[in-house]
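Just so it is clear, A, B, C, D, E and F label the chains in written order, and each chain counts residues from 1 on its own.
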Amino acid sequence: MKEELKSVEKLAGKKGVSIMKDLQEIFPDLGELATKLHKEIYERNILDLKQQEIITLAVLISQGNTESAFRFHINAALHAGLSKEEILEIIFHCAPYTGFPKAINAVYAAYDIFVENGLSS
Amino acid sequence: MKEELKSVEKLAGKKGVSIMKDLQEIFPDLGELATKLHKEIYERNILDLKQQEIITLAVLISQGNTESAFRFHINAALHAGLSKEEILEIIFHCAPYTGFPKAINAVYAAYDIFVENGLSS
Amino acid sequence: MKEELKSVEKLAGKKGVSIMKDLQEIFPDLGELATKLHKEIYERNILDLKQQEIITLAVLISQGNTESAFRFHINAALHAGLSKEEILEIIFHCAPYTGFPKAINAVYAAYDIFVENGLSS
Amino acid sequence: MKEELKSVEKLAGKKGVSIMKDLQEIFPDLGELATKLHKEIYERNILDLKQQEIITLAVLISQGNTESAFRFHINAALHAGLSKEEILEIIFHCAPYTGFPKAINAVYAAYDIFVENGLSS
Amino acid sequence: MKEELKSVEKLAGKKGVSIMKDLQEIFPDLGELATKLHKEIYERNILDLKQQEIITLAVLISQGNTESAFRFHINAALHAGLSKEEILEIIFHCAPYTGFPKAINAVYAAYDIFVENGLSS
Amino acid sequence: MKEELKSVEKLAGKKGVSIMKDLQEIFPDLGELATKLHKEIYERNILDLKQQEIITLAVLISQGNTESAFRFHINAALHAGLSKEEILEIIFHCAPYTGFPKAINAVYAAYDIFVENGLSS
């Protein structure tokens, strides 16, 4: 495995690596730049990994972005030690700021990813 | 002081109360609903106050929203114990997700609020 | 049926209740807060129900949000007495303000919901 | 006065004409296309003028757009017979859908325009 | 074929006409206004057709809009002579400005359309 | 002058360097990452510099972003050889896709920057 993908695995586990590899196959240049930025961003040490994933998820919920990057970062958030309950709470907290419709979309998208990870109640 | 404004003061200090009072003067119904939601949202206990303010700031940066609510929540973030460096780091972390132009706008807006709080270097 | 779901049924009919129940099953806290806000918002009496649904649909079209909340509020708009033609006209009127691509997405999403309601041509 | 500006005056009064003329001076082609579209959109008769302005304001609040077009359409809304209270209520109704920060920005921007029109309490 | 659809065919080929006809079937008024605007916009001669499609794609990527209009304009871009590599490069260039998640969504959506056009490597 | 600022000067002239230096003074880490990305993005050779600035401006217009990055990239667009008329035409072309209100805001912001550059008629 390439050096940079190791930093992706550290961040988001095997699922994260698989998502990143899909991108690198279709458009290697973008995959490479994304991987390089990941390394640069997540290896800083002012915020911890949980805080970083909280920020990323909040931005994605706010953008209404529930596709590839959301799947990647829900996996990364679980990998960083955030629980299913904490991830739902991030969405809950976003609702009055992003509006409820975006929060509701995020709940459904997150739920599907929890099921994939064997985490549905 | 009304009961609910006390919860605003607990969250965002005297500056927060002053911003909320401005809103309540112009449009009391919206100010009241906002205050009521604040109370409901911030008194939950799954995420801590720092994490909650991190989420709120990330959403505002993502929306490109650098006005009244941004000022309120930079003050609330400082009040919750986040340092100037940590707030800048939240903006830094947002950049690859929101795009750099929104992050740069947030830096300038945050800087002005730091200066108001006597926090510029 | 719980008291609050009755106010949802009054607003958006049986389909609306079913959409809200789905949410409450996956994430009860958010479903409850959404229901509570619905009650608070739609029982005011400065704007009538048609005007309220016009606003809600315009916001969703503008956000490019054509999923769960859009389905809920198309049903609510029909329930409030707006016709299929009036709903399409709302989308038409949005186009120069939201841009045409978002309006076109809304047309396709609305069309599917009209078909579900037996309202296609 | 040109034919098309008359339709702008009918829609948004003298203030509306003045805002449109400013645009036409700086960039005539865009001003002309905007005026032509206004005519085409607002002279349809499925929704009435109040409903049309409600849609336009909801879109602008949702976009966080509180500048030239917002000023134009607050004036147009007043001209169509919507009261200051109804305009504030449109903003109130948007809040749970757009998020509160955008609604609060809209309140402040609307307030300034009300003052210009001698409508502050 | 109607006169206006000819200008759509010139812009986006047979696939473009087919997408526009779908819209005109569901909601003729919006289809007609969109076609009329297309004619007005694309027949100006300050920017060339490639530059125009670059602008349109950049806006759609920025909106996170990867549906009907994106399909239409990827086809139009290919029709204007932009290569698959250049279209991917447009997405690449957007990434630091729109944020990477929107760029990644655009890559996947574009890829599907390339495959439909027999353009996957 | 640092090596990287030279690449900024090549891209956006002395005004661009001055805008970038402002950012680097307030928040050096973000300024440095932005500069590094600029270098990486603009030195690719699939699209030419004019096409790259067209993309960047279209994204900013679509975001409603008319502040620091807009000023930087209007200057960069002029530096790349785009004329005032072509820049206005980019905004014109965006209008039906972004909605007219964002295009109108962009016209006013661009106009101010043209005046600063001695380019108003």
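Convention: contacts are C-beta pairs under 8 Å (C-beta built on N, C-alpha and C of every residue); 3 or more make two chains touch, one makes a residue touch a chain.
Please read all numbers here as calculations on a predicted model, not as lab measurements.
Looking at chain B and chain C, the chains that touch each of them are A, D, E, F.
In this structure, the chain pairs A-B and B-D differ in their number of contacting C-beta pairs, and the larger number is found at A-B. Averaging C-alpha coordinates per chain and comparing to chain A, the farthest chain turns out to be D.
Chain A and chain D, compared by their mean Cα positions, are separated by 39 Å. The centroid of the Cα atoms in chain D and the matching centroid in chain F are 29 Å apart. Mean C-alpha position of chain E lies 24 Å from that of chain F. Under the contact definition stated at the top, the residues of chain D that touch 2 or more other chains are 33, 37, 59-60, 63-64, 69, 92, 96-101.
Per the touch definition, chain F reaches chain D in the complex via residues 64, 88, 91-92, 95, 99-105, 107-108, 111. Residues 23, 26-27, 29-30, 33-34, 37, 59-60, 63-65, 67-70 of chain B touch chain D in their complex.
Interface residues of chain A facing chain B in the complex, by the touch rule stated above, are 37, 41, 44, 46-47, 50-52, 54-56, 58-63, 69, 85-86, 89-90, 92-94, 96-98. Chain contact summary for the complex, chain E toward chain B: residues 96-101.
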